[in-house]
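There are two complexes below, and they share subunit A, which is joined by subunit B in the first and by subunit C in the second.
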Partner chain A sequence: MRRRTLLASAAASAAILPGRARAANEIKIGMPMALSGPGALYGQPITKGAEMCVAEINAAGGLLGRKLILLPRDSKGNADESVRVSRELILKDNVDFIVGSFTSAESPAVSTIAKENKVLMVAPTAKTIQLTSPANLHPYIFRTASTTDIEGRTAATLMAKWDVKRVATIAPDYAYGRDIMEAFSVLLKKLKPGVEIVDQQWPKLGQADFAPFITAQMSKQPDAVFGAVFAGDFASLVKQAKPLGYFDKIGNRYIGAGETGSIEMTRSLGTDYPVGIVANTYDPVIWPDAPEVHKKFTAAIKTHLKDDYGSSWAIMGYAGVQALAAGIKKAATIDADKVSKAMIGLTFETPIGPQIIRGKDQSANRGQFWGKLVRTAAHPFPVFEKVEYTDPTPFMD
Partner chain B sequence: MSRRIPWTLVVLLLALTIPWFGSRYYTFLATQIAILSLFAVSYNLLLGTTGLVSFGHAAYFGLGAYATGLLMKELNVPFLLALLAGGLLPAAFAGVFGYFCVRLTKIYFSMLTLAFAQIVWAICFQWNEVTGGDQGISAIPYPELGWIGAIPGLGGFRTGDHFYFACVVLVILCIWVLGRITDSPFGRLLTTIRENPERASFIGVDVRRYELAAFAIAGGFAGVSGALFGIFNRGVFADFMFWPKSAEVLIMTILGGMNYFWGPVAGTIMMVVLNQQITSYTEYWPLVLGTILLVLLFAFPGGLMGALDAGAKRLRGQKTGGGDA
Partner chain C sequence: MAAEFLFSQFLSGLTTAIFLFLVASGLSLVFGVLRVLNFAHGTFYMLGAYLAWQTMAWLAPTKEGFWLAALAAATGIAILGFVVERLMFRHLYGKEELYQLLFTYALVLILGDAAKILWGTGQLSVSRPPSVEGSLSVFGALLPGYNLFVMVLGFAIAIGFWVILQRTSAGRMIRAAAMDREMLGSLGANVGVLYTGVFVVSSFLAGLSGALVSPIKAIVPGMDVEIIVEAFIVVVIGGLGSFWGTFLGALIYGQVLSFGILIFPRFSIFSVFALMAVILIVRPWGLLGRPLK
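Moving on, here comes the complex of A and B:
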């Protein structure tokens, strides 16, 4: 009995031993990402994209003669857990860098941890402008995602092109939704002084019942709507809006931010998708005018994901690692402070062409693809009629 | 569980040795275990001692975290004062909610505790101006603990270690107080209520008032542990008070052995280590964790402490018996 207890406790203590000190021939990248729960639909392909980039770099001989190792961890899509796994990655696994955390709620929290531990972090998808606002900026946070300013202001310019007077908005009631609506309304009023924001709805994130919000909005008789309801919430909104005639009433003049034009979204909604609306995505995937580098990326990611259509999100994980790798290469060291300096003003390659990380907010000039969704005979789900990448530069300040 | 061994002191001394291993990760894990242990021990005052199954204990944990976090971050209130508020505010809330909850029994009591906890959660989740809503409050300052480094022999430690020392001392102090409460005549009456509430009321015990007192005390100590956790976690989030957190503390307590005072601590160690290990090996952690918990609960119906107790008794050649409280 005693011996068995001894063995058991020895086994138990062995199990909690911290990982070996970092090996000199490796560069470890921790990746906290939503791999379970509602965010997993996007978190999974983002992780796969990062994985593919790491594999490609290693196949080409690694970085600074070292092998990249990606350690993905499930952040469960919530801030609390994201912080926990990030600290575990730093303290136990001794990661050199972090690429990750998914939402605008998680990333500012992980950014605090990165700052405290002086571990450089690249946020590949978090858009809240707060993440890199002057008060929260520090040398160890970089962003390769778009921002709420870019997204909201792009939507405002698109809205300004329409002949509308009464505009309504609907967005989730948290950082992302509030920041994007602020950016949108300010610019729209400047571009089109005659326009009036007649209604603003704030459903909570993960709202199950959208009917009250929809009917309240319809009663204000808007001409057009700007929505930032995304992911599963957008699917709920669409399904509940249909019987109420919401999209018909506004003549499909709905601009949907939050990657509502992603191939994940169009495929999951299929014939329920409200065609005729304008939506955005990080990667149109089905893109006739795609440059060669994008075609190559799409073919590779399809194989890597074992999926016939690919993903609109994988590119974000892929480009996040590309940015970091370019920074390490330029710094020629893995010292966080030196890589941080190297990343400011850095130009790095992505599947949609080169991007620049500017010094002011340590964010890449990542815009999005916008366009009208239509049904075609070629695909069982809606695709962009004509998709355009909007240059974010005019919207970043 | 011999009465002659001062377990509280033994655990305190053992816990204080951790930073000497020199690993930041050990200290990190130990801090988490220490703080959550207090959460679980406070819960056991309800579950094991009084026989009340609360499904909403996380509400008080979260309230403590928000109270202390906001006071320290927004108003620069000193650590100990903020911590005190982090205990008193949840105790007051527990007093109010408990007033209604103890009017119900069994599953109805449990459901009402859950309902109150979900209300508190919903408020914290939506009240963006104060609680930061979904985004929570991040960058809560570490308390000023540099003086610990001035103590002879503790010079070479990091901020995280200093915080750990402070946590261990505070947690053990709270656990000691909870132990004294459990062993006091008041605590004995709570056990009487657990065993037979009708009989307790026949002998003139105001059952509801005693239950309410236990509920408020447990809520207060849960608040202290939440307050410490918020600082440790470098941020406070609405998830702290969401129902899975209440389920977690229930599982930790049962897993460790609710009939033993130190049972919840054993359960916390088990749960934290399991959670850390499994999530770093597989993305299918819920399946693995669930299976392990299932096996453990079936194999050790008295919890880990029950199994240890039975093993120790067998070694001494005694008959296996149930645990003593």
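Moving on, here comes the complex of A and C:
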């Protein structure tokens, strides 16, 4: 990988010496994405999803008569590395667009590079609301991911339906965790004035030892918990919390953000998964009421990933490229400023139906699927009892 | 606050402490005798977890097979330790610390990448064996059976170690080597074999502790770096190379972390680093360590 990058950049720098010559028959999309490290579990399928979308567009004759070329680069899920590879993609590989960077720590940094170089970027997975807040917004940043506002506020409405008074939270101590808890707490207090947030725990990202956080939280005797601990950290939390009676004490009234209801998580935890909790995902994958377009997508991505169940993350890479392609098509040019104008108010197709990019924050109205996880005879891992897509529109302002 | 909550917080701290002691004891032992700060110790721990998962996947479809898997993982890492010491580590003894540091750091990177190639970058999970699945109530606080088992094992290892160090000839040699290895060599003791033995025992402990955490923590790339930092704090608090220092360091670390979280949830892990900073200023050689000459 590294050597290939080196060779590619050496070749590219030789080629660009006379000036930034671009091939007229292609459109290059750079994709900084976590392909190694803990984030790779998601970064890999996201990249595969983008790859599949590019292949489909090319098979149908390309865009504006040009072929799309996707250039994935390993960001290691780390902001510094993300900035480095993005800069390289722009300056050496001459990419026309960027779809990518994975986390809420990386994307705001890559966004400043996009702005500096006037290269339009689509963020497919970064949720921090800061990425597109008025102070950080510029014409070259668009988001097709959900946001911490949408996720936190959706959780607040779900929590408000429960008969609870004492609510606790637990979230990783960085941009994502802090922003989502802010959004959650503010709306919950508005919806349910009698509710009290009795405890907030902030384990660091990558925390493996959760026992002290769990017992400290239990000592405040909450009725329900909203958690945004995700990925491997969520697995560690669950494995330690279950035998301590954490989920029993709150009657499984745990709402888990951060895609803790994804098929990747339920498959990995198997019988250790705390069934009865409510959790979310970008794509339920096993979705009895799925629309035709989603069924087609799921069948295709299973083949593309060579996996019997597919992935809940591939859709994000796929839809990111779909949004960009729709923008280019509408603008009928690859000029970044014109594509940027075309993307505002744009409706684009995704495997879960059409989505709209608002002008106000240049973000798509991407909600998530939420539901209670239960065990069934049909699958060796928990699945959603009844999964519902929540429309994010009321939560975006 | 009700007493049972305080007690439950204490138990959480104790659980943290015993798991950390199992890892840190091997790190401290190697430093005490070989005078090498082995950064790859955390990687051995991670590989122990992966090996336990792998053994479970291969040999033991029943969950009770975990015990066998843990033993197999620890033995596997002990063998890896033997190879690493024989082929590589022995060229480092007496060299400048910088070389040792670079070498063990290189091992971290190489073995870490090897693990990614073998097991991928996703999270792996091992279930608790059913025999210790339940929890028991102690003074109103729940103590998971598995945690109790590890605590008993941790104390048994600590006492066993102490007996070996104090009462056997091997223990005497180890203590002598920690004090003055040239003198020990000139008295005719086979220092090479002793070093290999100590390194193998330390690797075994690393592999065992990695296997033992696999039912309660996700097995992910990066868990090696995570643990080595914590183990390092423990030995710095207790005193590098001091056996009881490591034990005491782990106990203090666990309680400071646990009650730090209870009292200042906003600054969850700050308390531990603050403690380390204070100790480094007041007593740089650690609570039970000896000042380096």
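Here is the rule we use: the second predicted complex is superposed on the first by the 376 of 397 C-alpha atoms of A that agree within 3 Å, B and C clash if a C-alpha of one lies under 4 Å from a C-alpha of the other, contacts with A are read in each partner's own complex, and residues count from 1 in each chain.
In this section, a residue touches a chain if its C-beta (ideal position, glycine included) is under 8 Å from a C-beta of that chain, and two chains touch if they have at least 3 such contacts.
Note that the structure is predicted; figures quoted are calculated from it, not measured.
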item: Partner chain(s) touched by A:K92 [first = subunit B, second = subunit C, both, neither]; value: first
item: Subunit B versus subunit C as contact partner of A:L373, first or second or both or neither; value: neither
item: First (subunit B), second (subunit C), both or neither touched by A:S36; value: both
item: Which superposed partner A:A342 touches (first subunit B, second subunit C, both, neither); value: neither
item: Which superposed partner A:A241 touches (first subunit B, second subunit C, both, neither); value: neither
item: Which of subunit B and subunit C A:A175 touches, first, second, both or neither; value: first
item: Touching partner for A:A231 - first (subunit B), second (subunit C), both, neither; value: second
item: Partner chain in contact with A:F213 - subunit B first, subunit C second, else both or neither; value: second
item: Touching partner for A:A50 - first (subunit B), second (subunit C), both, neither; value: neither
item: Interface residues of subunit A shared between complexes with subunit B and subunit C; value: 36, 173, 204
item: Residue ranges of subunit B touching subunit A (in the complex, touch as defined); value: 23-26, 28-29, 125-126, 128, 133-136, 138-139, 233-235, 237, 239-240, 273, 276-277, 279-280, 283, 285-286, 311, 314-315
item: Residues on subunit A engaged by subunit B in the complex (per definition of touch); value: 1-2, 5, 12, 15-16, 18, 35-36, 72-74, 78-81, 83-85, 87-88, 91-93, 104-105, 108-109, 111-113, 116, 128, 173-175, 178, 204-205
item: In the complex with subunit A, residue positions of subunit C that touch it; value: 1-2, 5-6, 8-9, 11-13, 15-16, 19, 116, 121-125, 127-128, 133-135, 141-142, 144-147, 213, 215-218, 220-223, 226-227, 230, 257-258, 261-262, 265-266, 268-269
item: Complex contact set, residues of subunit A against subunit C; value: 36-38, 40-41, 44, 173, 199-204, 206, 208-209, 211-216, 218-219, 231-233, 235-236, 239-240, 243-245, 264, 268-272
